[in-house]
Structure formats: C-alpha cells, structure tokens
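Multiple structures follow.
In the two complexes that follow, chain A is the common piece, with chain B as its partner first and chain C second.
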Partner chain A sequence: MDPLAELKQTFFQECDELLGALEQKLQALDEGSNDPEDVNAAFRAIHSIKGGAGAFGCTELVAFSHVFEASLDHLRSGRVAIEDAPFTLFLRCSDAVADLVAAARNDEPAVERPDLLAALEQVGQDLQAEPPAPAPAAANPDAPPGVAALGNLLAMVEAGSGAAPASADDGWDDEPAGPVATEARPGRALRLRIAPEADLFRRVIEPRVVLGSLPAEDIVAIRCDLSQVPPLESLDVTDCWMRFDVDLHTELSVEELHGRIDFSLGGEEFEIAPAEDGPDLAETAAEPEVPNSVAADLSAILAKLGPAPEALDEAASQPAPVAAVPEPVAAASPVLRTPPRAPVNDQSARQRQPVSVRVDLERIDKLMNLVGEIVITQSMLVECVRSLPYDVYAKTAEGILTLSRQTRELQDHVMAVRAQPVKAVFQRMPRLVRELAQTLGKEVRLVLEGENTEVDKTIIEELADPLTHMIRNSMDHGLETPDERAEAGKPREGTIRLIAEHRAGRIVIAVTDDGRGINREKLLAKARSRGLVDDDTRLAPEEIDQLIFAAGLSTAEQVSDVSGRGVGMDVVRRNVESLGGRISVDSEPGRGCKFTLALPLTLAVLEGMVIRCGNDRYVIPIASVIETQHLASTPIERLPFGQEVLRWRGEVTPLYRLGDVMGSMGTTDENIVIIAETERGNNVGIAVDEIVGQQQVVVKSLEANYGTVNGASAATILGDGLVALILDIDSMLRLAASGDRVPQSDLKMAG
Partner chain B sequence: MTLQIGEKHFSSAQPEAAARRIVTFKVGDRTFGIDVGMVREIKGWQATTPLPHAAPHVRGVLNLRGVILAVYDLRTAIGIGVTEATATHVIVVVDVEDKTAGLLVDSVSDIVDVPVSAVRPAPDLERDEHGLIEGLVLLDTDIVALLDLAAVIRDGGVDAQTRAARAAA
Partner chain C sequence: MKILAIDDTKTLLSLLSLTLRNAGHEVAEAENGEEGLSKFDQFKPDLVITDLNMPIMDGIEFTRACRSRPTGQNTPIIVLTTENGAEIKAEGRRAGASAWMVKPFEPNMLLGLVARYQN
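And now, the complex of A and B:
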C-alpha cells in the first residue's frame, strides 16, 4: 500500500473512534448531562475529523463537519445554553458525518444533507443575529491539529505584529479575525499568560483555539515566546514549547476569562493578571519578538516533515508547492500541510503518556494461534515425560510445570490484548434505533447496560449482525405504535433494553422490549401453512415462540425495509450457532419479549475438564461445571417416563448418561456424576466413566471442515494428538431430548 | 505416512490435448478417481474420533497438523459396507469446495493423464441416486469411476444406511 493510502486508512480508523466518542458525548448531553467537558469532547472529535478530512481532500466531509463544528462551538462558547441545544439534531448530524466518512472511505459519492445543514446553521441564530458561519471550508486547505497549528503560529510570528493575522483566516477555523483598534472602549487592560504543557498538541488542542475563545475585539496583542523551543536536534515536533502573552482590553472579569479558557487549558497552564507595563505593547507591535532565525528553524522543521502530497494540493492556486520553495521562511506559509501523524521519534515523548499501538488484528490472531499450538505441544510434553525414569522425571516435571505456568500467563496476556468491551458494538445501536424509530414512526428509548463487559475481539465482530437483527425485530414486530401503546395503557415511548453480562463462561446478551410479545396464534398458523408443523401436532406456548427462528417465517403483515422478509431471526440463529452460541426467546403476550443470546467469551481457548466415557474422551468447559461426585453415593430415582433424576442440594436434578446421549463407542461404566449448569441457570447431572484431568484446550472449529455437531460446540486436540469433542451442555440436552430422532428433524423443529 | 506414487501416462492419447490428471484409488475391487488438483495429501490411516449421530459414512474427525477434518468412508458411501480400517488403509485428504476432508479408501493406485474426451458421462445408474459418480474413464484394465466429491461428502450418507442394507441383501 502506498504511504498516502496507508495514512488515509489510519485516518478512517481514527474517524471510527472519533465518531464513537462524538455520538457518545452527544448522547450523554441529550440525556441531560451538563458537563461542558462533554461539549468540548464532541467539538474536538468533529474538529479532528474535519482536520483529517481536509488533509485527504474529502470536501463534502469537510464542508459538513465545518458547519457542524461551528454550531457546536456556539455551545462551547456559551452563546447557546447546553440545555437549549438541539441534541437530537446533533445526533442525526453525527450519523450524517458517519455516512460521509463511510462514503469517503469507499470512494462513493456523498449524500448531501442540505436539510441538516440548514438546521445546523439555525443553531444560535435565534439568539443573536450573528452572521452565518464562514463559508464551508470545502475548498480550503486543512491540516490535522498540531502540525497545522505550528504552521499557523509561524504565520503569526512572521506577520510581525505578533497578533493573529487577519489575513491568515484560511477558513479552517471560524476564529475571530485580527485585533481591532481598542481606543475609547470601556474595560481595563489585562494580561493573559499562556504556558501550555508540552503535550498540548497531543491533547488535540491548538493555541489558536485557545486564543479563539477570547472575544476577538478585546485582543490588543498576542506575542509568542519561542525562547523555550529547544534546539532543532532535540526538538520533538509534537511537543508544544510556545508561550503566549496576550494583552487584552476587556470588560470581562478575570473569572469570566478564566471560564472561557479553562475549557481547553489546565488551570496551571495560564494566568490572568492586570497589565502593568503599557509600553511593552507598543514595542512588540513594532517588531516581532522572535528572531527570524527561530522562525526559519521552525519552517525548516515543517518542511522536513514532508511536502504535502500533490494529490492533496487542492490549493493549487497558492504560489508554489511547499517542497519547491527554496526559502525556508516562505515554506511556513499557512497553506503548508503535512500528512497527519508526523513521525514521533523522540523517546521522551513516549514516556509522558500511555502509549498505545495499533496492531493489525491478523498479527494478534497469528500470535494467538501460536500460543494455542504451544498449549497443545506442552500437554503433549506432559504425557511424554510420564514415561521417563523417576530421577529424570522429577527434574523435567519441574521445568514443565514452570513452562505450563508461563504458557498460561502468555495466553492470558494475548487474550487480554484481544479482549474488548462490548461497547464497540453497543455503540452502533443507538443510531440504528434512532433511524428505525423515524422510519417506523415509533417512539423508542434504548437502554444499554453492561457495555464494559469484555469479550474477545472475534466475538465482538460477530455480535454486530445478530444484535442488529434482534433490535430490528424488536422494533418492527415487538413494539407497538405510540397510539396502540397508549390504548393498551402503556407509556407511548417503548423501551428496548440491551444488556450484556458474563454468565457460565459465556457472554449473555439480552434484548428485551416491552411491546406486544409474540403473536402465538399467528405464528403457529403460519408455521402450519408452511408445513413446518403438522396440523395435529400440539405445541406448548414456549415451543410456539421458538418457531420464530424457523426459516421463512415472518408475521409482519407488510414486508418493509426493516424486516418482514422472514429471513431475520432464522439467519441470526444460524450465525449464532455457527459460533458455538445459542439464541432463545421468552415472550409474554402483551408484556414484551426477550431474546437471549449466549456466546462463548472467546473462540480461541478454554479451560476444560477432560472426561472419558467408553472409549471416547470429551471436554466439558470448566465454566459450566459446578461440582463432581461419585455416582455410587448419589441417590438416583427414575421418573415414570424413564427420565433419571438425582437429588442434589435438595433439588431434583435430571441425570443424563453421556455415553448414551453422545453414542460413545465401547462399553460405558459410569462412576462419576458431573453437576453442570445450563445457560438458563438450571442444573443437570451428567454421568461419565472417569475424569481424566483438567487442562486448557485450544478450541478448534468443527464447522470449518465439517458442520455443526449436536452436543458439541467445537473440538480440541489432546496431548496424544487425537481429537476430543468439547461438549455444549445445552445442545447436549437438546440432543438427549430429541431422543432417537434424526438430527435433521430436530433442526427443523427448532427452526 | 505419505505414499509415493509412480506416474504413468495414459497411453492411447496425447496428454497435452486438454487432459485431466487423475488420482486413482481402490475400494474393494473397484477403482475410483478424482482430479489430482483436489488432492492435498495422502496419509496412512489414523484413529478418528467418532461424531454423535453423524451419517454412517462419517467415520469421525481427526487432527491434521492442527486442523480438524472429517473422514468419510467411501465404502459406506457407495453402499458396500464399512471399512475395517487398518494401518494399510489410506486417507486421501481432499479440498472440496471450501472444506478439507479425508476419504478413507483401501489403497491409492496411480496417477494418470486422461484426455477430457475420454471421460464418458456416467450411465444413468439407478443405484447412484445421489450422483456420486460424475463420469467414467476406461483404462487398459480398469473402469475408473470419477467421483463427485461434493456429493460424496454432502449426501453420501443420508440414506447410505438403506443402501448398505440393500447391498447386504
């Protein structure tokens, strides 16, 4: 990939994060947060998107985000009170920005949203007749914060006056223009000293934004003190070494000024004092405080950062491309742009903040696979060592023990790298709900819980589709229209809850709605008409509910864009099952419906108990084992239908003989009963011959080369190189319940 | 164990005229063939882990260098019983569609080049209701039945039981 495309890719990745942050902050504000920091964060996010978009020539994106940014700025500056702000509009705009980003990423034509733009421009207009935000910056060069800020500052320095150059309004910020004559104005002289920490740029704050938050007409002069800038050799361009002195003539109190600046700067980074030395002002106005050499140095650095790629050079009308400019000072013109993420080579910069690295998921996967192989090799070693003579054995065993501890640690760490909060997926849902609510004319509140539940990255990716389908289904079929709800005595606004939690070594995600529930009669009638259920078969209400997962069933009377083609839940079930997961539904007519999705926490490794039954060995995930006991000491009773049960902790627990259920080879001789937990939280006893041991096993897919195996979620390779099935308790129970029925018909029944 | 297979060219035609290179193997006294491109490797019999309630011709799964694949008994698939697998039996590892699978056969015989024109369509075999046989090739001594592997793996066993019963009768 050429470097530019790579950078662009990075930019889009960043956009995803920024969009997530933007939406989250706006959501918080919409829900009543009054925290100005949320506004700031939202502003910074859109600002960064705009910056990057400009650098990559995504003009539509720049244009839109510029207007968006401008209206958010009204909030930031306090011109519009947070309480009065139209966050619903802002949220829709953030969706629009996401669309624009997606369009830019796929090189598709962007959809224009004049409606949203117009609405955005209205923000703040009602309160004061302010001129509309400057023309969209579409045609203007733009640059990521940081480097761009440096360029801009340089321009200021060169402008000689030390003040923000009026002519330098290159449109990339709606910053107030240059200073205005101050004579004969009420107010008093104040001096503001800004001494930002060196990580200013990395916090995505630019001095110009800070300065821009001051009332433009009150600024008398701005001086930039570059004396702190270290020599070039040791200068890290992402550090900010500039200090500013701003002379103000203002009516604002010190506190008010303070309030405007502490948005972006820490309290220790600036001070405000009455100005004592008047003459200073005149002096600096006469000559730039910074020697030209420093400016030249800076320009050289900027030039060194690399010429702006030609493809981006939409400012072709500008005098000359940067790289061709012989004189360094000229290179510092404000049009200078560099790709984002200037290389950071300075060690010290790394130490000052937690550093994160972007790694290709593929690399982590390879690492994970390798760790998996090590786990297998190690268990193989353990078996080999057993046959060694005792004196050799003792020493070797010790080494192997250490090895296994280290392997496990290694594995945990690799897993931790891959673990992510489900937030990554949950975040996409509010938008889906908003858009669907609009399409369907329903009022919906989405409640998210357990967003920080961590799951393996592989699972996260697989979650998005099923969740989308489940929420669509709930919104389309489950929730009633506001009028219907009112008639049924429910609040007009429906509620959908999306809850994630860890249970029995799985991640369980529930989508609950308070809608009308499943219409069983209709569903059953449909299933009968499609021949999925025989006319004379009687089904329990719960069994009818499960028909919702059957292929080709949909009770929606109208086929809509949203759902109703009858592919949704069927596809969800298949996808989920192919991941070793399960989906179930609980419905209460008139009260609502709950879909529960259970997936393994990771698709890679699990802690398992190796058991034997007849000639076959199986692995039960430790997470589902509650306890084990001798079968002989357990009282077993037989129910009239032949089902065996045992008494365990005062409860009647069904007992299954693993050999019978799984059709194990050889003769079985059950000695042990394993009490295991199902996903629904029920207990069940499983009789097996022997517990062979406990070990970590690497999960290997059966679907990849074969298909779904009833009773097992996957397979693994044991120390001797043979394959063992990893049991899936719930699926095993279904297999047991289906008795001798051929698996195919079992599938048909379930879906 | 990997078998070395000698190569022999189909004698009665020019191999360069659109030829198919075919691996032939035996089940009982019958000869079957598949395109060499589908064969990933050939290995000796290795114990498999049986799968619960699988079709009869699915012998189970085995570990091939960390990948788990299912082994299908060709003898059962064509309805002539179950292979009593020993160390001399052979698993032909094949790529079918996007899956890797093992085919349990008695022995691998040869690799031959066959002109496309020499492949005859399979006669409408009443007993081959799943279309396991894709075509026939006449060699000097043998009739090679070309297998449609996808069909073997997909349908071979659905009612192989009935077929096995029929064969036994």
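And now, the complex of A and C:
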C-alpha cells in the first residue's frame, strides 16, 4: 500500500551499490590510476546518490553530497589535475556519505562532518573566482519556489495531496481554493494545528486521510511545517516530524471539528483555535518552508542537471507570477518534471554497462526450491528406470541422461544467479580498518586476498557481522600501538590479512594479524573468575585460546568502545554455527592471531557421494572427498591407545570406521576407505561398506525437525524416497573423539 | 479493497462484512485476534477492521502482533469498539492502530472512512 516506502528501500539498495562503486573508483585513483573514466564514474555515483536523496527529502545527505560532487566536478572538468587531487580526503568523504545514508536508513545518529565539508570546499578554491554554477543562483532571491520544493518532494507530495481525495467535488486540488472563494461564505476562521506523535507512520496514518476527514470546501489553506524535522544524522525515516497548520473557514463548531479528527489522532496531537490572521497563512502556503540556502543549492543542481533551460529560464525570468500562484503543487510541477531528464546525459555511459535486472531474492529462492524438487524427481526416475527390462531401459536411459545433464545445468545456473563474490563484504572492510586505525591510534595495513571467491547470496549476508567482529577484535586486542610494536622489534605498521578461499566445499575466511596474540594468562584468569573453568582444571594453550568464544567472557574489560558494541565473540560463534559453519582461533603469543571462519557455500544443494554402511546410507560432500581406495589393499596400523591409522601417500592418517562412529544399523563389512579433507586441511580416512554413487542432493535441514545431529550437517531425500544423513566430516571427527556415540553392539541388542 | 473484519460477536461481524461487501469490498472474517492473524497472512488485506474485546487474542494484541510482522507494517488498522476512553485509545495508538471508531457504527461513516484509505 505504500509504494513510497518501497521506493525508498530501493533507493537505499542503490545507494549501497553506488557507494561501493564510488569507493572503488576513488581507491583506484588514489592508487595512481589516471583514467578520467574513473573520475566520471565516481562523479556519477555521488550525483545519483544526491539525486535520490533529494527526492526523498534527505536534506543533509543532499547538502553533503552536493559539496562533494562539486569538488569532484573540478576534477572532471580538469580544473584540478587528477594528480593533485586529495583522494584520501575523498575516501573519507565517501565514508561520510555512507554514514549519512546509513543514518537515513537506520536509527543510528551519524557524525556531522563540518571538517570534511570545509576541506572539500578548499578543493579548487583558488579557481573558485571563476563562475561556479551555484553563485548566480544563490544571489537570486527570486529563485523559483518550485525549485526549492525539490528539496523536500516527499513532504510536498504529502502536503499537496492532503485533502485531494476528500470528497467527490475534489475541492482544492485542481482549482486553487484561494481566500476569495471563502470570503463570502458564512462561518468563521479557525486554525487546526496538527502535531502528530513521531510514530504516526508506524500507525499507518496518512496525513491525507486525517486531512481528508475535514470538509474540503471549508479548507482555506494547508501548510506543512518541516521545522521540527531533525538533522539527518538523528532522523528515523519512519518517524513523522511534519506539523500541519490548516486554516479553515467553517460553520462547524470546534467540538464538531474535534470529532472529525479524533478518530485517528490523540487529543494531544492536535488543537483547534480561532485563527488570528487567516489570510497570512494562505500566503505563506505558497512558499514552501525550505531554507534559501537549500533552494540555492538545488537550483544549482538543476542547472547542472542539464538541458532543461526553457523551463528554468522561464521560471527564473518570471519569478513573481510563479511565486504568486497560491498552489505549491502547481509551482512545483514544472520543476518536478525536469529531473528525469538527467539520465539522458548519462545514457551513453550507461549503455556500455552490462544490462542487469533486479530480482527479489524470494523469487530465486522459489526457483531454487523447485530445482531441488526436480533433482529429487530426476533421481527417482533414474531408480525406476534401473528396474526396467533391458530393451525398454536402453531407450529410456538416453532421455534420462539428457534430463540429468539439463537438470544439473539448470541447477548450476540458478546457483550462479545467487552466487556473489565475497567482494561485496570485503569492500566494506578497508573503511572499517581506516576508521578504527584512526580511533585507536594504530597504523594498519589491510591485505585482501581471494575477493572474487564466490559464495551464495544468503551466506554473503551472514558474513559481514562475524567478519566485522573478527577485524575489530584483531585491531583492538591483537595489534599493538606503533610504539609498542617498535619496542618489540616489529614494523610500526601492523598487518591484517583477510583471505577467502574455497576449501572442502566450504568458504573459509581467515583474518590474520601480526599482533601480540591472545593473552592466555589473562583470559584464563578471567574465565576462572567467572566460573567458566574450574580452578584445578588444566587446559592446553589451544584450549585456552578457544575460551575467547565462551559465553559471558566478552564483558567489562574486554568491551571497549571499539570491539565491544555489546555483542561478544560467543554470539558470533553461535550465529556462525547456526548456519552450519564454524569459527576457530589460533594464536601464537607475540606473533599474532588467526581467526578462521568456515561456512557452507550454499544452504541449498550439494554434490555428494552416496555411500552405504550396514543398512544405512550416507552422503559425504564430494568436495571433502580426496580419494577412495580398497580397504584390503591399505596397510592399517593400530596405535597404543586404540586409534587405527593408515599410511596414505607417506602421511600417517587416522582411520575411522563410519559404522562405529555413526552407530549404523546392520552388519558392517568395510571394503572401501575414503580419504577426506577436514576444514583445517588435514586428511582422514573413513571406512565404509560401499560407494553407491554420486549425485546432487538437496539439503534439508535437520535442526528444524530434530535438533542437532552429531556427525551430520543435514539430511537429504534419495531417489528411492528414503532419507540419508549428510555427513559433516569435522563434526563426525569430534563425535569420534568424544567417544559419545551409540555403541553398535548396544543397538543390536536393543534391536 | 480487501478488508479483514475481526469481531467475536457473529451478528456484528456479519453486519460489518455485509456493509463492506455491499460497498464492493472483498471481505474476510475472523472471530478473534489469533484467527485474525492467520487470516491476515493468507488473505493479505489492504485494511483491517477489528473489535477490541475478544477472547483468545484481543484487538490491541492483534494490532501489536500485526505491526511486528513485516507484512503488517503498512496496513491501516481501524479499531471498531464500544470503548471510548482516552486511556484505552492511547493504548490502541501505542499498539499501532490507525483509526478508532466507536460502536454502534453508522454504515456511511464507516464506509466514508474506509473509502479514504482507498487510493
């Protein structure tokens, strides 16, 4: 019902993309690119942000990006040479724009940046004497009011359409309901002042519905007061800060009017009083409440937007008549038509970009689900065909094979639609590091590797939070101050590496720093004091490190304004684990610390090897499988404490019998050993009875129905309709190590 | 317009939906807030008219629940009730009610209000 809110969301999404492009181009320029096209692209990005912000009434954002755009324009026009441009400043400004956008979207207050604005205005200052576009417009107090109105189009639309659908005669919408019309009528002048609570929109009350309940013919003027709108940093876009003054000339009593309004507004949200100066309001209604400076800014924007000189000239040369029209909508309309012309300018640039379509993730999810069902149906068909007599089978098999291939292709393509490089998340990190380095007074170099590693969209979204946390942690606790580093004989500048890669069917992201490492004594002491570890329990150094993920540790001392934020590493771990991922830490005192985050590439399908063990079948993700061989031809040794090992390519590799670990039903008769890789890159042998085949399986969550099943990450439905567990090698190893499994003999007895 | 009407008094509910249907609206009915919520999800109404005092889940709770789901944040909710106290009205507003109408309702007034939500 509210297309405006939807539009706004789309705008914010676009802002994210534009900000990404802006930062990328500025970075390239900073690193020495001399390509004017990079400058143009950066300029276009900020220009588009400003344009959208104007339409949605984000005045602060408009103001900042306007100045930003102006200084980039100096580069574009060649007034400032690319080599001389302060790209570090520009990068900080793009951060500030991101803040403003975030502030407009969320409820987070953004910091005002007068320093940056001042610095921006310095860019190309000496050349400023020439005729910059804003100057003449600023000097012209008669700038068309409609131009100013662009600054708050949203409010104008709201206020303008206020009483429009009120009644059949359509009162004051089309014809200006000037004071003239009401003069002769009986009644008296009243003023209704509506000052709604900020939650007005959340109550789904549209001002026009409220205003529409007034008799349309009695309305003399409506004025929308925007003076209460807080600065953008502190503005929640779902808050309503508009105040409405309605001048009425009516025969209705105050009580009657009260009754018309109080159906949706609380008694404290409006007041009705006799008007002191009726005509005054009618006049002011023609002039939207936008500060002159903004008007000037905006006329400058419009001037720059390009070829709409006829409309503008006309308005500018006849300011008086335009201003006299007592109808904000009418005054605004010629101008409102001009912005859409802007894209025409950019057209040539856009055509070179690949065409893309924005699709709801939900639709792709539906498609994905359907493909999943097809995969199951297809493997069912394969099963059916096997039992057919040979001559029929031969004919059908070809078709089935083609179907299999096409299904797989279909699946790959759908997956590809959802896949995105982790760049989307990595891109945000340089900024985080930049800002943190400044706050913490540390010198940091961030190295990104494997940015093009692709991963499912759903996973991408889940990456940002843990990554931010890991980096914050490394910067705050890991890295030392430059002086401390110098003392320790390290370079003053610390290095944080962010590396993404595919391993064992997962995306593994490592955050490595060369700082001081985890202070084990302190960590252990704290864990003891909080009762997380008994006083007499002795822990291996690695075990102490893992305490960093323990719940309840990330409080007090550990929380600084940088890495605190109320969410501890334990929450990060929980979130990661709920996605079927894992997070771990390796620390070397004095040398640094490495956080490793492993997540599945997708939550939807996986390529699996179907194996049998006893009466049960399991699926091992094919990405974990390195090699398979006959068990009989593999020399097996038994270590003193009972662990079996085999020698594989010269490496001693532990061997586990799947039937024992998972407690499979039926007699097991292991013939095959599968060499699999764990997330940490170790190898492990898994003895199974038989390899049934290889196929794509659709992942069905176990946790939703059963809770966590040790050793398995999920389940799937095989072609014959039976369920098989999808093994999670790492979790299976933990299960084997814990010894907490159902012994097979017990099961047999029970059976 | 698609309207979800919620009232535990069957006759009133029928009268309400009849009034609305005669005015050309598509109506779904529910007899308490809980049923209302599930109807809300299925029917995806453009507007909700709900009673206040109902068994199982009352109108305030319904409104709150509705506002807390993403699909319910932009749907106007009109409370139609015999209650007219300032306090309960304020509570309704805090829960997210868009408008308040006191029973017994005058069909034309109700339809007038509904019509104003129609784009």
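Rule of thumb we're sticking to: the second predicted complex is superposed on the first by the 459 of 751 C-alpha atoms of A that agree within 3 Å, B and C clash if a C-alpha of one lies under 4 Å from a C-alpha of the other, contacts with A are read in each partner's own complex, and residues count from 1 in each chain.
Throughout what follows, a contact is a pair of C-beta atoms (placed from the backbone, for glycine too) under 8 Å apart; a residue touches a chain by one contact, two chains touch by 3 or more.
All values derive from a computational prediction rather than experimental measurement.
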Touched chain A residues, chain B compared with chain C: B
First (chain B), second (chain C), both or neither touched by A:Asn705: first
Which of chain B and chain C A:Ala5 touches, first, second, both or neither: second
First (chain B), second (chain C), both or neither touched by A:Ile717: first
Which superposed partner A:Phe641 touches (first chain B, second chain C, both, neither): neither
Partner chain in contact with A:Tyr390 - chain B first, chain C second, else both or neither: neither
Which superposed partner A:Val204 touches (first chain B, second chain C, both, neither): second
First, second, both or neither for A:Glu373, with chain B first and chain C second: first
First, second, both or neither for A:Asp616, with chain B first and chain C second: first
Footprint overlap on chain A, comparing chain B with chain C: none
Footprint of chain B on chain A - complex, ascending: 372-373, 376, 616, 661-663, 665, 700-702, 704-706, 709-712, 715, 717, 721-725, 735, 742-743
Chain A partner contacts - residues on chain B that touch it in the complex: 47-54, 58, 60-63, 66-70, 99-101
Residues of chain A that touch chain C when the two form their complex: 1-2, 5, 165-166, 197, 199, 202-206, 208-209, 212-213, 262-264, 266-267
Complex contacts: residues of chain C adjacent to chain A: 46, 67, 73-77, 86, 89-90, 93-94, 96-101, 113, 116-117, 119
